[in-house]
Amino acid sequence: MYSVEVRDRIMIAHSLPDRFFGPAQGLHGATFVVDVAFFREALTAQNVVVDIGAALDVLKQTLAPLAYQNLDTLPDFAGKLTTTEFLARHIFDAMAAAAKAGALGAEGHGLSKIRVTLHETDLARASFESGLS
Amino acid sequence: MYSVEVRDRIMIAHSLPDRFFGPAQGLHGATFVVDVAFFREALTAQNVVVDIGAALDVLKQTLAPLAYQNLDTLPDFAGKLTTTEFLARHIFDAMAAAAKAGALGAEGHGLSKIRVTLHETDLARASFESGLS
Amino acid sequence: MYSVEVRDRIMIAHSLPDRFFGPAQGLHGATFVVDVAFFREALTAQNVVVDIGAALDVLKQTLAPLAYQNLDTLPDFAGKLTTTEFLARHIFDAMAAAAKAGALGAEGHGLSKIRVTLHETDLARASFESGLS
Amino acid sequence: MYSVEVRDRIMIAHSLPDRFFGPAQGLHGATFVVDVAFFREALTAQNVVVDIGAALDVLKQTLAPLAYQNLDTLPDFAGKLTTTEFLARHIFDAMAAAAKAGALGAEGHGLSKIRVTLHETDLARASFESGLS
Amino acid sequence: MYSVEVRDRIMIAHSLPDRFFGPAQGLHGATFVVDVAFFREALTAQNVVVDIGAALDVLKQTLAPLAYQNLDTLPDFAGKLTTTEFLARHIFDAMAAAAKAGALGAEGHGLSKIRVTLHETDLARASFESGLS
Amino acid sequence: MYSVEVRDRIMIAHSLPDRFFGPAQGLHGATFVVDVAFFREALTAQNVVVDIGAALDVLKQTLAPLAYQNLDTLPDFAGKLTTTEFLARHIFDAMAAAAKAGALGAEGHGLSKIRVTLHETDLARASFESGLS
């Protein structure tokens, strides 16, 4: 199995309004360093999994609606707890849709799996990975 | 599959008294930077895999009996070769038991897998991962 | 010249309400990974610059009032642009005052310089350093 | 499942002569930081996956024919697009063959999987992993 | 003294045709991860050293003529040994000129120092720093 | 001012037998990742500060007597508190002597400064730097 993994980042505000989160219930924020890995069983004719440049572009477009935002005010996230895990899944869904829609070029078809990892501090990170149908 | 991974560290002395280990047969030591990843198929009601704060606390408690110790003198390790791989498994067992005992809260139940990684230098690391029954 | 540098981190929300900051004018947030370096010309009787454990404790106490906060609502920062550079200076002032007040133990006296570095993403960081009188 | 992962690096020139690669069609170069992970279901009698020192030695020997080379001039790569993914597979094949040939010692037998990761910048990396028969 | 440091990267080919460089005499290549730090004694009215976004843009423009190039073919470098140290100075000169020319905005004036660091591998890096007149 | 910085590492045991060190009074150990930076005002005829390969070799030789040792048993360190700061100075002295003795080649002469940094964990490091006479 081959993979290519690319990195970008966003700076956001949000709150986690559930007692479970203790001091993180109030409005605070995070820098999320975001790694997205694309997996293929076999390489394309150009010996790649995906075009790294295209992958970085699609990741930037995927993150743009979140960058410098207060996630509490985004309609998509209304009533949702925007944990690091939740955001990893959100970005996964967008990347999987972009691959399907051809935004990664022909190479985006035939991917077997995508994994999204968000580093929230130097000590903690979350990820979501799943196969593509 | 979702995961959350947290980091802590210990500084220990030990020897590896088997010819196999060459210069590491004598008493020396290591800083182990320890990453523990918890995996779940689905998020909890709070959209988490585990509480990151609880995970960091349980990891600290797990590492406490080893911190600043000479592993050669610990009864648990008598007659054992305390390689990085062995210690990854030792910490895995403790984390798995803690999850089962409820130390990670309700979220500790329903974990599908744990992976423990020990970085021994900037050039080498070992890990153990296994499903939880 | 000797130095010892320790690390902690905070997750905060803030806005930078000046046209200069473009998309960062609105409410967003950041994880700041904070490194504080202490400098001495000569080591103490215990061969240290400062006690690393004490330095980590004082740093944690210094960051506690900021952790998980919306900086826009803190009286100390009213009317201030809480840039990364500004926060580096703010933390420097607190660490310098703590050293002077004895919070770092006897070792806190005789420091010649402190440097505070805040990493805001994997691509950008700011610092403030100054001598201690 | 246990793993041990070791790191080395090479600095090479190459071109990627296919329109697909845009500005990377011309002769340019890269530092590849190379991580190789070895996996085993159970540890050996010495509680290891492989000898870390032996693994580092074999990796160095594997990389030696590539170090400081212009890959475009190497007979092995004639007519090949030497992408990061392709090189990950090339190094995998060499490491797998070395393990089979006994270069990793008795411990090299019984490995279940090898994974090779090449970091080409701070933002992008590729990997190949496969089971060993 | 305040500083802000930003990061970008280039992938280049070059040779170092002097016996001094041993195996690096031939055509090979490198990824250079480039950090540029800007220093000021006092912050601007916006509490910054420089605009981080502008600094990243100017760095990208400065690196563009080198990106994906064979440095041996660039007229500017004819007859020069393009060591990591030399390139650190080259980038410093370009950044200092850009600051003077106003490319960093008004904030580029009043800088007291610039430092450029090039990481060539995980084990080695070079830098050049100097005051600005 | 130019600099070149290179990295190596050692794994050692030691104790810090003074009440000041709390839990670190007993025998424990550390991995020290060691960075050594060499500074020059002007580059040599080959456009370098020092030969990076030679610097890595000299660093390895300097660290060899400490590697895999219990520092408590080394005659050089009898009665000494082998803190991270102390070891940074010890390695500085050895590197400075090596430069003076010609171990770094002709390039070792004319260095203006050396800085040695020891990372003891991901959260703490110490350094010593000084001019060379």
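We call the chains A, B, C, D, E and F, going by the order they appear; numbering starts again at 1 in every chain.
Convention: a contact is a pair of C-beta atoms (placed from the backbone, for glycine too) under 8 Å apart; a residue touches a chain by one contact, two chains touch by 3 or more.
All figures in this text were calculated on a predicted structure; none of them were measured in a lab.
Counting hops only between chains that touch, chain E reaches chain F in a minimum of 1.
Set against one another, A-D and B-F show the most C-beta pairs in contact at B-F. Counted by residue number, the contact pairs of E-F are over half the same as those of C-E, the matching pair from A-C, D-E or C-E.
As for how the two copies chain A and chain C face one another, over half of their interface residue numbers coincide. Separating the CA-averaged centres of chain B and chain D is a span of 27 Å. Annotation: 31 Å between the Cα-based centres of chain A and chain E.
Counting partner chains per residue, chain D has residues 7, 122-123 touching two or more of them.
The list of touching chain pairs reads A-B, A-C, A-D, B-D, B-F, C-E, C-F, D-E, E-F. Within the complex formed with chain C, the chain E residues making contact are 1-8, 43, 46-49, 51-53, 56.
Across the complex, chain F is touched by residues 7, 9, 11-14, 23-24, 26-33, 67-70, 120-123 of chain B.
Across the interface of their complex, chain C is touched by residues 18, 20-22, 80-86, 88-89, 122-130 of chain F.
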